[in-house]
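Two complexes come next, and they have one chain in common, chain A, joined by chain B in the first and chain C in the second.
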Partner chain A sequence: MIQTTHAEIEVSDTVVRMQDIGFSYGSKALFSHLDLEIQRGNIYGLLGKNGAGKTTLLKILSGQLFPQEGSTTVLGDNPTRRRPSLLQEIFYLPEEFPLPKMKASEYLKMRSPFYPRFDHTQFAAFCKDFDVDLNQRLDQMSLGQKKKVLLSFGLASNTALLILDEPTNGLDIPSKRQFRQTVASAMTENRTFIISTHQVRDMENLIDPIIILHDGSVIFNDAVASVSDKYVLNLTTKEPDMATAMYVEKVLGGWMVLSERSEESEGQPLDLETLFNVVIEKGKGGVR
Partner chain B sequence: MNRFQALLKRELKTSQKDMTTYALVIVLILFGFETLQSLIARYTHEMFPLEVYSEMFPNFLLIGGFIVTSLMFAEDMFGKNTQHDWLMLPATNLEKFASKAVLVTIAYPIALALLFFLTSLVTEPIQLLFFGNPMALFNPFKDKDIWMLLAQYWVWNSVFLLGATYFHKVHFIKTVLAIGVIGLALSGLALLFARILFAIRFGSQVQMFDAFSYLDARYVEQTLTSLKIYLVIGRILYYAVLPVFCMITAYFRVEEVQATDAV
Partner chain C sequence: MQFNTLSPIYLQIAQYMHDLILNRVWNDGERIPSVRDMAMELEVNPNTVIRTYALLQDEGTLENQRGIGYFTAKDARSLVLKQRRERFFKKEVPALLSTMETLGLTMEDLQKYAEHSRQKGDDHEDKSQEE
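For the complex of A and B:
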């Protein structure tokens, strides 16, 4: 009985399961045998080079694109069916979007009925945090302001899965800080965020685990700590031994060296940019 | 508010500005045309025509309606930056399709008739005051052909609805061209079919148009009576099967639309 309950929890804890996904644009193959699992209650960071397929992956798991091969399950449902029961549990903030010619308050009235757990009090609080005027017309807002409105809307919709594609693009410096704080405060154990970004410094200390997409497959899907526990990053002025170093990067005044952690090793915390570069350079399974 | 009502509200809110502009254009055209007619009638000493609204209504219903229908899915299904909003909207594909179909099939003719009536209500007293024209308020039901007109709108609107979901760009023109091509193909088939029938009846040496000279009035009447059943079948196909087929196909297009369709 206990085992059954445990198994059920395990199943329901997997928010996204993609198996053997194949996808191509015309004759250009993008994904081949891609597998991905996303667990509930985390803020995942989706990283990859330009053209790696981050947005395509997000569109597949939100049901906007249908994979040619493999299966995708999101919250236990097939996203290609686009059932309302699933769609009201997903909020997708794209990188670029036009908004209708109306006030933010009118937009709220028009869209909120589609989300059964939408919280108007939360929405007002998020808008206040982001310093958004609800009486301003959406079409007269800057990209950053529009993003703040949609972010507030998405967070207040209380969906189980929030997909944010480059959410900090267009945000000013204080807003990026506010974004991190707001997302962290809106996080609960029942929610899952997938944040696709190139701006890894904006997301430092927010996204973890990290998913890295490269050459048509997921080559890394783990917590940053899993790498930090095994490897150590040091700054050295002496030219490092390439044979023992996992990764070397020439920096101002020396070299940044990633090597295997030993009992007595001390080093800097591993930042996301270095982690990404290491994983990409070492390729599939290189640092795991 | 249920989901379907929310969808209808969304459709109306997002197209509010465009529809208001369109309505204003109609009002201005009607007013301008009425005034022009009044001026012409005054200086040529002719009778002022009372059928201005009735003559204009079919044009705006058919041409205007088909253009509106053609544009109905353009942004939501095929707009590269806009389609995500519609695809991710928590409603079934049927609800999304039906909300648009209901607006263009039912709400548009009603709204247009109402707009014509209200315009005539404002314009006619002005015309009476300045030109002394008799009041001629728009009444769509005065015209006996209104039901036939609405039936034609129902049929052809469904075709344009299919075109709106089938073509990615320039929906109206492409639908008109497609109708033209299909019309030509069907005419060719009909000609071929008629040629075969005439050949069977009158022999292959007789040209089709010559064959008409063999037909006397009694024979034509007899033939038409026997063709009545085909006429009924034809009407059912035209007024019921064709629009339903177009609607269902358009719905399936909505169901299978993907973000790639905007690429």
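For the complex of A and C:
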């Protein structure tokens, strides 16, 4: 097997370790026996259907929700203790958020002291790239503009962990591109991104490894290469044998069929949408 | 750069870098962008670019000078040219021959067409005539 991306930069550190997590909202159980490990120096993509618990998972990691069962370690600490030494190393960008009635520049003055490695020069550069006006009041900005301020803030905070919940929601087309460029350039081997998204096409080439959350646990957590090195997609015009095929999707002009990659086999690698559908349909251990 | 869905991204980036070397945008023995700058330009995961650079290092097209950066090899262009020519005969020529057979075309037809289009396009420099 071809080496996965993990092995190529020195990433031995485990940034996140969740073991046997159980979490419920009232009597409604969301997670049971959930395990998750995250390695330093990667841009993880967190995928899951609506209501799968992506935001809940991210809030547990950032010390905003406390699971009823199991243990969570983030950067070697327990996030439920909410110690400043840990919180100053985590930046969390919520999907939706209220912001105070003040200018972006005032917000910066108020919040940046909480992050010891905050870089004001970087912040100014990111805001310029994103075309954000620091003299505008935050409560008068659109969702997209607010996201750009907070994204710039998060990237400039130089925390070890960046948690972004649906960061491209509300961004216009040029800003999505700017987002990809900025994240690609801001990633270092000492930083880790966890990005939850439904907009997989916005981030197809950015997020890797992929975490898939389904039915209360993590059913997939692996590099894209680990799948695309093993499996290929082929378009056939003849209806495939549904009983023997691993995965079939009806598309324009025929059927996309998933098969194991052989030495000389031609075929397309899985795109993220197909990977997601295959994993959800096959369930645990279907494609590994 | 526009990516397609036909092959893995790290291989498409390798192809793109080969093109830069073939077209002399990157000359032999020249310093090339860092992993981070390349990832930013292409809007991809830096770890994907690391994988591409490792592949090109293995085939001898790139060299990593520790602490300085990545350079094209002294013989990068001839290596890429050799690899591309091999692929041309192994993959593209058989496909072409098979299409020609289906369409009832001969090598003579192809030659006539090539000469005709060369005369028509003599304003343009024909890149394939190099070397």
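One rule holds for everything that comes next: the second predicted complex is superposed on the first by the 274 of 288 C-alpha atoms of A that agree within 3 Å, B and C clash if a C-alpha of one lies under 4 Å from a C-alpha of the other, contacts with A are read in each partner's own complex, and residues count from 1 in each chain.
Everything below uses one rule, namely that contacts are C-beta pairs under 8 Å (C-beta built on N, C-alpha and C of every residue); 3 or more make two chains touch, one makes a residue touch a chain.
Because the structure is a prediction, the values reported are computed rather than measured.
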Query raised in the report: Clash or fit: how do chain B and chain C relate after the overlay on chain A?
Result: fit
Query raised in the report: Does chain B (first) or chain C (second) touch A:N205, or do both, or does neither?
Result: second
Requested in this report: Would you check which partner chain A:P113 touches, where first means chain B only, second means chain C only, and both and neither mean what they say?
Outcome: first
Requested in this report: Applying the touch criterion given at the start, work out whether A:N42 contacts chain B, chain C, both or neither, answering first, second, both or neither.
Outcome: second
Report task. Give me the angle at the C-alpha centre of chain A between the C-alpha centres of chain B and chain C, rounded to the nearest 10 degrees. Result -> 150
Report task. Considering only touches as defined above, state whether A:F66 meets chain B (first), chain C (second), both or neither. Result -> first
Query - Partner chain(s) touched by A:R180 [first = chain B, second = chain C, both, neither] - result: second
Query raised in the report: Now for A:P269: first (chain B), second (chain C), both, or neither, which partner does it touch?
Result: second
Query raised in the report: How far apart, in whole Å, are the nearest Cα atoms of chain B and chain C in the superposition?
Result: 27
Query raised in the report: Which residues of chain B touch chain A in the complex?
Result: 1, 3, 6, 9-10, 13-14, 17, 81-85, 87-93, 95, 258-260, 263
Query raised in the report: Which of the residues in chain A come into contact with chain C in the complex?
Result: 5, 8-9, 41-43, 177, 180-182, 184-185, 187, 204-208, 225, 228, 268-269, 271
Query raised in the report: In their complex, what parts of chain C are in touch with chain A?
Result: 3, 5-10, 36-37, 39-48, 50-51, 54
**Report entry** Contact set on chain A toward chain B in their complex
**Finding:** 25, 59, 62-66, 82-84, 87-88, 90-92, 94, 96-98, 100-102, 106, 110-111, 113-115
